[in-house]
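Structures are listed in the sections that come next.
Presented sequentially are two complexes of chain A, the first with chain B as partner and the second with chain C.
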Partner chain A sequence: MNRRRWNQLLLRYPFLFALILLSVAILVNAILQPTFFTRESLNNNMRVFLPLMILAVGQAVVILGGGIDISVGGILSIVNTILATQVGLNGSPEKMWIYVGLSLLAGLAAGSLNGFFVSVLRLQPIITTYATSFLFFGIALYILPNPGGGIPQAISGLYRNTTPLGIPLAIYVIVLILLGWYYLRHSRYGRYLYAVGGKAEAAYETGVPVVGIQFSTYVISGLMAAIAGIAMSMLTGSGNADIGSAMTLNSVTAVVIGGTAFSGGVGGIAGPIIGAMTLQMIMNIISFANIDTWWQTFVNALIIVIALALPGLLNLIQGRKK
Partner chain B sequence: MSKKLFGVLSAILLFAMVLGACTPAPAAAPEAPAAPAEAPAQPAAEAKVFTIGISNSFISSEYRTQMISELQEVNKEYMDQGITTELVIESADTDTAGQIQQLQNLMSKGVDAILVNPGDVTGLNATLEEAVAKGILVISVDQELAANGVYNVGIDQKEWAKTSAQWLAEKMGGKGSIVEIEGFPGHPANVVRMEGVDEVLANYPEMQVLAKDTGKWDEATGQQVMSNFLAAYPTLDGYWTQDGMAIGALQAVLAANPAKFPVGVGEARCQFINLWTEVLATHPDFETIAVANHPGVSPTGLRIAVNLLMGKKLDESKLGGTNGLSFVIPLVTAVTKDNLQDAVTLCQDKPETYLIDNIMTDQEVLDAYFVK
Partner chain C sequence: MTVLLSAQNIVKRYGGVIALSDGNLEVSSGEVVALVGANGSGKSTLSKIINGVVVLDGGQLLLDGVPVQFPSPQAARKMGIATVFQELSLIPQMSIAENIWLTREPLHPTGTVDQKEVTERTKRLLKLFEGTFKTELTPDVSVSSLQPDEKQIIEILKAISVDPRILILDEATASLDSRQVSRLFELVATWKLSGKAIIFVSHRMEEIFRIADTYSVLRNGKTVGSGKIKEVTEKELVNLMIEKASVFTHARQNRAGAKELAQKPVYLTVNALATDVLRGVNLQVRRGELLGLGGLMGQGQRELLRSIFGYIHYHGTINILGKDVHYRHPADAIKDRTAFVPGDRGKEGLLYIRSILENILLPSWKEFGVPTRMKKAHEVAVGVGESLNLKMAGLDEPVSSLSGGNAQKVVIGKWLKRKPQLLLLDDPTKGVDVGTKAEFYKLLANLCDEGKTIIFYSSDDEELVGLCDRILVMHDGNIRTELVDRMITKRNLVAASLGASEEEQHE
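== the complex of A and B ==
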């Protein structure tokens, strides 16, 4: 009975496990780092975490719809290189906001390309977006062959050091995204999305516009990657065509830790946001735990593997007890 | 709620506690930052024990491994004298955001100085400038940054490339055909190195560059590229390359075994030195030059940091570079046939991956960069 209760809870709140994991991570981090809850530390952490959190949201929407997007890092890189080359360290704020707008359009365009290949041409999502990722990284490298360029320091500072009401700016961004998601989730679109991710054929037969829904998930992912790219550019204040490459797989890991199933149709975006935070917090914990240099990578990977395997292990243990 | 859920929660808590238990003596670090308040009252040198943080974003290379070990070794000297505490090392394969996080963590741990080997030539600047604003001494090693208030410690990459290019040109009598195998095109170090090679070759109009390709700073790729070159140009007179690719290039030459070996550039790594002596057994006339971009610049940077922290006065006229805050460390003597025996002896008790190195002594650092 209890097991059913736990499973029901998990089904209703797929992010529950991620939330527990995050709470533990925060607890451990706070014990190891006495300054953890100061405004400065919180803001420092959140401004670094935000790009991956946003990226994970886009990734989660695609995975919910039954696909996967391996090109998000490439889109992020394109946006980063556009801003760094076109705005420049001495650019005016107006120029910055114009290119922020153009960056969003670039993200939408890149997402549409993925969406077209996967939903209209019905190509395999993993291979297709893997291929387009090279296309996107290639474009980014063409825009900015050598790392450099930049955005005005004042704008970078705005992102890095703004804490309205003492709360990091990143929290506001996340709350906005969650509100948007809440609205979307309870609209007709949301129901269609889950139907397509759960079983596309069945959804098709009941009149759900499968192609359009799948297409839209990649567009949302492209848009989110662009927003993540803007955040990343403001964080580093400069450009580097390679900046997104390590983030793609992390975004997928964040989604899985967040309890959104690879099979599609199960989960949400709160979990992936929490997952992205947890993933990055683990690195912090290792840092403050003074783990020996040569073991840091191993311990980091070990914790991630345990975090990924724990839900399954718990189910296994509980099943045996019955 | 259910007992099972409680069980699950306690299991996770247990996991957390195990993690917490992994912490060796967390008390040591937080105590250090308390000291600076009293420092100004007394002569800085005796009053305070300094904590130095290291940020490294790439670990999958022998260069970085040697760098970290040497940093620990040199710091041990200062620890024994009661000048510094154990190094706070943040070292893992990570991206720009990850390295920003490393730096933020070091600041949060209250270190007095940060030595950073940057994975991004501009992306860390804002964060490093924040550290400088907090009064932390920041030194970038191995890669020059243009951040305000950040010191750079490294070799002159252009001069380094010119050394071997000059040797090659002279050895070939200033004429003949060569190929070039470069690192990542666009990587700042590769760009200035290739500029250096071009500058040298400009003095020798009879030397002809037949082709140029990237070996991606990778031994296997270097070997592949060199094999292709040897197939395309069987009468090649010479080749210029850099770092680990040199070992691959020489192996490609040995595999192709042309009638006349092209004159090539090598790397001062024990693996290459050993290969060189093997080749001499069958080809007694074989000649090459082995140069090293030595990891010793980082421990030398640590010595500079310690002396700066102790309040020693810099001789600003000795600094140069893009932001006028660069320490240019002398190159390690190149290995040629004249001093090959010394290198062979040195390599006898070193691993194959060891790069021939030089760490300046404390006195050398003081003499070279500080006011006497």
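== the complex of A and C ==
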């Protein structure tokens, strides 16, 4: 009976697994790094975590709607290279904000391209966005063939060191995103999103604009990737066309740890945000423990496999089939 | 009465296949029209044209005498046409309330959904079927946790929540039990009074005569007859549906009585079988017996068949020909010559996109060696196809090209090849047309005469009464009543299923 209640809890709060994992990761982190809970180190960590968290939110919306977006890393790279080459280390803040606006437009455009292929032309999401990711990385490399460039230090400093009321800027961003999500989820759009991800055919028969909803998820994902790219650029202060390549798989992993089902229609945004934090916390542990960096990839892969297999394993242990 | 909706000379082609060549239907407000026809006659297509799910290729639709076009389901719904779909249009991950009001959620001025209002309205709708559910439903229950009959009712409520002028009930009673059907018919009567027009698509003759005012018969995509239901008999209607005048007389001839049965050897014994649903079922089947399982929907009939087939984890003992067995996987059961014909053929019985040949030979590929002797395989498949009188364009066509009845024949055909000794049938005739049913009944009779043992669950009471040597009526995961010999009548079966009414009689 205990196991059953646990299953029900997981169904209602899909991010419970991520929360437990996060607590463990925080514990280990705190042991390895005694200054972990100081204000400074908290801000340090959060500003590093923020880009992936934003990326995971976009990814989660797409997966909730029944798709997947493998091109988010590419979009992030495009934005990073645009800012690093066009603004420059000595650019004025005004110029920076203009290009931030343009970067958002670039994200919307890239997302629209994905959305068009997947929803209007009905191509396989995983293959389509895998293909467009090459396109996006190609564009990023064209803009900035070798790592370099940068954005004004003042702007990076703004991102790194702003802590209103002593709380890291990243927390404000996350709260804003959660508020936005709370509204969306309780609006008609939210219902449509879950309906399309749950059973697109049934949603269509009921009169849900399936194509429009699917399209919108990729646009949201593109926009989120652009915002993540802006945050990443402010964090690093420099440009690198390859910066997003490792982040795509991480965004998917974060969503999976966060309890959002690959099949769509189940889960939310809080889980993936926690998932993204957990993932990077684990990476922190690895680097603090002086383990080779290839372990990061290994652990990352292990987590995604376990997270995917866990529901099946639980069923197998219980010896029941559905 | 004025004609509300009229479909005239409707034509619909899917690729090269003509689904409808001359479909006609007329319905007035305050009237129930029965749209009848064998499987593959075009009933579903015609109703899908009326509700805008598919777009017609020819002919026209008139609403209030004005030509209309429905490019999408929303367009039809805006004009007041709602449908209870046969393949359910519910989203399993969402709650009852969310499903019913999807796309029509009452909103706060801020744009968020008015959850309180949604819950209120859903409760009011659920009241319509109050007392016919096994457990009372609340608006926030997830649809994935519902039984098929409950899902069907939610589907009905979803359609009626639009307050439509025209309501299409497409096989809406197929998964309901008799109490739920009665409640639905009471509701239909009140909807008629309020001026709604109802299009009733069904295979069940008895229900058609109970509820319809007029009828329209489709055969091979053509409307071949229509008129007032009072002026037609069941036999005439069936004759219109099927070209050959094979009639409703499929009662099995040489059925075994209790005495004869007792002389046959016991094939299967089940003792104290328990699962999540079953509560210690005991039963015995003898060789050559056709044992029926009856009762209301979802009383554990499916779980019983599935446990015997090793598909569900269970406690208790199963004994075949004196040997205790405990199958952990259907493959074990298949080795012991047990076959299972699932009710949901699309999901469990067939590989829809693969060819008929592959489906028939799926359990028996081993026989044809490596590399596969395709010529021999083809011959065998042709033989199976012929013995079942399979109507198909060719063995290499995908199963999805077959009508429901013919597809079900393939499910049975793939097992016959392996000469099973025990057949477990899970509501195999659901959604199958009258002509194919008759052939299917003959097949069952032959199998029993050959000494095969059959356990047969059906949601169609007439079928059970007409075919079985013995009927076990299930209730709440247990066997409530056993009907043998002369006890096997429809009245007894229905009474035993309902339980309550039987107890009243005793008092």
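In this section, the second predicted complex is superposed on the first by the 282 of 322 C-alpha atoms of A that agree within 3 Å, B and C clash if a C-alpha of one lies under 4 Å from a C-alpha of the other, contacts with A are read in each partner's own complex, and residues count from 1 in each chain.
Just so we're on the same page, a residue touches a chain if its C-beta (ideal position, glycine included) is under 8 Å from a C-beta of that chain, and two chains touch if they have at least 3 such contacts.
Everything numeric in this text was worked out from a predicted model, so none of it was measured.
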- Query: After lining up the shared chain so the two structures overlap, which partner does A:N290 touch, if you call chain B first and chain C second: first, second, both or neither?
  - Reply: first
- Query: What's your read, chain B or chain C touching more residues of chain A?
  - Reply: B
- Message: Output check: A:L249 vs chain B and chain C. Expected answer is one of first, second, both, neither. What do you get?
- Response: neither
- Task: Return first, second, both or neither, reflecting whether A:E205 touches chain B, chain C, both chains, or no partner chain.
- Result: second
- Message: Output check: A:H186 vs chain B and chain C. Expected answer is one of first, second, both, neither. What do you get?
- Response: second
- Query: Contact residues on chain C for chain A in the complex?
  - Reply: 53, 72-74, 77, 85, 88-94, 98, 102-103, 105, 107, 111-113, 115, 158, 276, 311-313
- Message: Touching residues of chain A toward chain B in the complex: what are they?
- Response: 1-3, 5-6, 9, 20-21, 24, 27-28, 31-35, 41, 44-45, 48, 51-52, 145-150, 153, 156-157, 160, 232, 235-240, 243, 245-247, 280, 283-291, 293, 296-297, 299-300, 303, 306, 310, 314, 318
- The residues of chain A that touch chain C in their complex are 183, 186-188, 190-192, 194-195, 197-199, 201-208, 265-266, 319-321
- chain A touches which residues of chain B in the complex? 1-5, 8-9, 11-13, 15-16, 19-20, 22-26, 29-30, 59, 68, 88-98, 100-102, 104-105, 108-109, 120-126, 186-188, 191
